[in-house]
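Letters are used for the chains, namely A, B, C and D, taken in the order the chains are written, and counting of residues starts over at 1 for each.
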Amino acid sequence: MVIVMKPNAKKEDIAEIEKLLKSLNLGVHISVGSERTIIGIIGDKRVLADTPLELMPGVDRLVPIVESYKLAGKTFKPEPSVIKVKDKEIGGRKLAIMAGPCAVESREQVMEIARHLKAQGVQFIRGGAYKPRTSPYYFQGLEEEGLKILAEAREETGLLVVSEVVSPGSLETVARYVDVLQIGARNMQNFHLLKEVGRSKLPVLLKRGLSATIEEWLNAAEYIMSEGNYNVILCERGIRTFETSTRNTLDLSAVPVIKEKSHLPIIVDPSHGTGKWSLVTPMARAAIAAGADGLMIEVHPDPKTALSDGPQSLNFKSFDSLMEEISKLAGIFDREI
Amino acid sequence: MVIVMKPNAKKEDIAEIEKLLKSLNLGVHISVGSERTIIGIIGDKRVLADTPLELMPGVDRLVPIVESYKLAGKTFKPEPSVIKVKDKEIGGRKLAIMAGPCAVESREQVMEIARHLKAQGVQFIRGGAYKPRTSPYYFQGLEEEGLKILAEAREETGLLVVSEVVSPGSLETVARYVDVLQIGARNMQNFHLLKEVGRSKLPVLLKRGLSATIEEWLNAAEYIMSEGNYNVILCERGIRTFETSTRNTLDLSAVPVIKEKSHLPIIVDPSHGTGKWSLVTPMARAAIAAGADGLMIEVHPDPKTALSDGPQSLNFKSFDSLMEEISKLAGIFDREI
Amino acid sequence: MVIVMKPNAKKEDIAEIEKLLKSLNLGVHISVGSERTIIGIIGDKRVLADTPLELMPGVDRLVPIVESYKLAGKTFKPEPSVIKVKDKEIGGRKLAIMAGPCAVESREQVMEIARHLKAQGVQFIRGGAYKPRTSPYYFQGLEEEGLKILAEAREETGLLVVSEVVSPGSLETVARYVDVLQIGARNMQNFHLLKEVGRSKLPVLLKRGLSATIEEWLNAAEYIMSEGNYNVILCERGIRTFETSTRNTLDLSAVPVIKEKSHLPIIVDPSHGTGKWSLVTPMARAAIAAGADGLMIEVHPDPKTALSDGPQSLNFKSFDSLMEEISKLAGIFDREI
Amino acid sequence: MVIVMKPNAKKEDIAEIEKLLKSLNLGVHISVGSERTIIGIIGDKRVLADTPLELMPGVDRLVPIVESYKLAGKTFKPEPSVIKVKDKEIGGRKLAIMAGPCAVESREQVMEIARHLKAQGVQFIRGGAYKPRTSPYYFQGLEEEGLKILAEAREETGLLVVSEVVSPGSLETVARYVDVLQIGARNMQNFHLLKEVGRSKLPVLLKRGLSATIEEWLNAAEYIMSEGNYNVILCERGIRTFETSTRNTLDLSAVPVIKEKSHLPIIVDPSHGTGKWSLVTPMARAAIAAGADGLMIEVHPDPKTALSDGPQSLNFKSFDSLMEEISKLAGIFDREI
């Protein structure tokens, strides 16, 4: 960390800070500039986490030099992580395609989708059983009944199940049925829930919050990892901006940025990212071209009748042509689906 | 709701939509424009909540006309709500001042602050016992121990206690000690938690999410109210924007906007809203001048040693002069502290 | 346009609006809902442009149905436009690659780059002669001297020249040397300048403003087109958001959105969009995969010594491998470079 | 400036940077941390403006320590500036109230408003003669004819005139009629225009850009000041965010932030800042309570017939009560209107 002093800071101010830092066994480098003095701090800055140096007389501001996350960072583990989910892998040569309905609606619906996905070579089925909705008057999900249906689909087709957990209280139930626990965007900083899934043995798909910086997102991953669960998959799903022609602004730059800062795999959800089915295929292609390790796509046999997020779901025909396009693209980047 | 058809929509498309709406017992008004046709829908649109009309052939987009919240809106209750908290009131003539440390650190710290606040005529003490922090390596709060200290301060001073609840699992514990349950910004769309506090009898202080629109904020209040708890106090605490010279951008326009749309009281937190103690007093004044029903202010006897958010805390001297300034201002607006 | 009335609007309010609209020869459709009345307006809404209906008694808000741009929209011209620039085309099967230094620094620099680009099959050279910089103390460009150097590069290599015009006063000078006039992001709503380039015969590359919605961007194109110059090429270059790990947030969804709303070609500038050279190649790939008609890329023989925006410039080696990757990708989408 | 090296930077990398800096006569402080080395640079960093140190081997990123503006900053001039406009002052004890129509529409309109403002004790009349509008099909202003009307109003009432200049070409014309040149939000980074008004002798009202940081805003002021014109008044008028219930998000925190960083006076425009007349008075009060030196308010005798921005204009009755409220508030802060 670097402390930037005010232009009018006094010698005594600087001396007092030096004394404080040394008392905490931190190294100190003082650099007297033409306009301001800056103070570099050497050592484990975690001993400073609770000391608001900004309030010491003469201090203008602090500049963090090292990220606050460790386990999620490349310094901790330089080579990319490949997350095992039973017999499948995420982050390796094979792109992870997770597809399915926004919400589990019925056994028939899920089985019809699962069979279709299976025939297309998909490995993961996604479906919401517990649905976080902006209004209490919208469909809230089938809960455990929905999870049973997903598990049944796995039994018949071999597709692995990804589904969202929305509260610590239902974690045990969800964990009984799914293969990957999903943390939704609105819960990315629900730190209590993060710690709970960090104690689980299941891989966790961590969606980026609507207004989370990449730094905060990696810190959320750190919450999970610091409890012992290193199997975290990141999922970019759009951030909130002033633009209104799309539901969110899909931040594809996050893909190469994450690849530079972290060893964790990252997939992209163009369905939530755009909110409009006609934009899903171009943005899915773009995600893979940017280097993503997979996709999460909403598919519904009849989007018009979907109980949740129909407008952003692909029907089978559109999904099949997406798969064909992605397959061609994957070849160029030495990957496959 | 209004359906806007595409310029090239066919007559059959319009006829099919008309048929669907009538089958749901909704009234239909078709308006053929020079470039496009629009279809107005009359009746309880909740029957449409799960029908993605956007996917019907020929449809361009939907335009909502009526807000999705009801109980939080002025149509439901035109006159302002005054929330009772034991012998105190929020939303009435008297401004609600909630002050205290960001985090409860020790019995001594809290008692010292409580006595000071009491002497200044403050009615509520705030203090975090469960702290949601962006990094798992930061101080996470004293938990139940902290709540006990707050309750002890109430016993001695009569100050009512406001403290945050971060998960359904600890709600019962928190509810045992506090007078007002606080929902933090990062949990504003933790819908499971909202429903749980909706079943509590305690008033709820609902902070605005970092990237929540006012519409989403009122829908979050609706989650609480639809479970039977109408005692919701809103708290503006800054939204996330591109500006970096403040921690957040305090959106004071939200105060008069809420007054137009809702009957719920609204207070303002300039400490989190700006992140810098030197900006707290001017923005507290501005909040009251904009019409806020109260303030939430971080106060610490020695901000330099605070375990959390020290840089945005006022010391006693600054707090006292803030109280003096607010008191003068209140008089102009026929309010008092 | 649709007028949404307040829940408590009176019959007389509605009657008065109806009277006003009819006096303007507009058709009126009134739709009495369960909670509110809405009024649809039929006819050329431009007669209303200067009538603030929002202020009529009983009116809650207005909902625009038809976009305010015409010439830039698909209703006006459904098939994609291909812009001719001398013997080259933008928007056709061939991807338009515009590359070169952020700023023209010297004859040697530009000639070295131009020869390299030519050898790589590039068709357009870009280079700033007039530089809009955030601080007056930064390098401001070689002005006309820089344009002469670019023209000399064209003479030797046949590369067509793209360069920015920053004020009406220098338009004539710039137009004498370049083949495509560039309007920079900071001037996207410099309406006076837009009208001036609209009276020019040269094609115009219109960069998206840092905080411009897609609707505003197309309205800026409309400014140019309404003066008679239909040769507009759009360029997405990143928008301003809260994320700080990239210089801007490159909004690639804008590519398919523009393709749905407009007939104008769109290219992408990943150099400004990300601000970091290591992100340029992945985002260039993503742009083409999203459907962009071309790329604008900063290239510099020795980015370390660049007088402007060095950190986002590719050196020759990186640029060559970008070209190779884009070439492979183009094949999949039935395009070429 | 501080250079943060990568964790894996080599000794030679550091040595090379040291050599470069010393060759530029800059002082160098190297601080070897546990994870990274940082390098502090001492001296006039302007010699580095065009050297992208980010590209030197081993460099991770640069951290600016000193702002890039000088003349606009408090280090250059610690005491607040009071700007003289003929016999009036902005930034002193007296609040500067600038009021008038968004657009000059007719002689009658302006004279009626001017007389009303005069009677209310207002000192400045504002009115747009050249209007930057988002669509070319909207009313574009009366141009010089409008300026003549404003000058006539000054002759009769003594009100000083504030009006916008939108291009260098019309600066001479505008300067002939007005007392304060206004630079609109969309032109805040029209650097060519900034330099031109910097060469004028007239005071300049510089509105903040829709997506401009406070740092960029002060740099825009620096453009004007570095040409010799130190008479700059800043005007906060709302920034662009995700919130849609107001036209912009009025960032009142900018007022105390500017007071900490700069000596220039700052006024607030709640009309554009909110876009809704019913929010103007509460936000005007809030602006003064936050410490603003004045207000810019849209007033129109009959907002319903206004040719531009009617919905955000106050009628005379609302304006008079705003003035009364502001007058009471001013007293508390030892100011007057």
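Everything below uses one rule, namely that a contact is a pair of C-beta atoms (placed from the backbone, for glycine too) under 8 Å apart; a residue touches a chain by one contact, two chains touch by 3 or more.
Since the model is a prediction, treat every value here as computed from it, not as a measurement.
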Graph separation of chain B and chain C (steps between touching chains): 1
From chain D, the most remote chain by mean C-alpha position: A
Centre-to-centre distance between chain D and chain A (centres being mean Cα positions), rounded to whole Å: 39
Geometric centre distance via CA averages, chain D-chain B, whole Å: 31
Whole-Å gap separating chain A and chain B, where each centre is the average of the chain's CA atoms: 26
Numbers and ranges of chain B residues touching at least 2 other chains: 211, 240-242, 244
In the complex with chain B, residue positions of chain D that touch it: 211, 213-215, 239, 241-246, 249-253, 255-257, 260-261, 273-274, 278-279, 282-283, 285-291, 325, 328-329, 332
List of chain C residues in touch with chain B within their complex: 2, 4, 7, 27, 29, 31-36, 38, 40-44, 63, 65-66, 75, 240-242, 244
In the complex with chain A, residue positions of chain B that touch it: 46, 49-52, 54-56, 68-69, 132-139, 166-170, 186-187, 189-193, 195, 209-211, 216, 219, 222-223, 226, 240, 277, 303-311
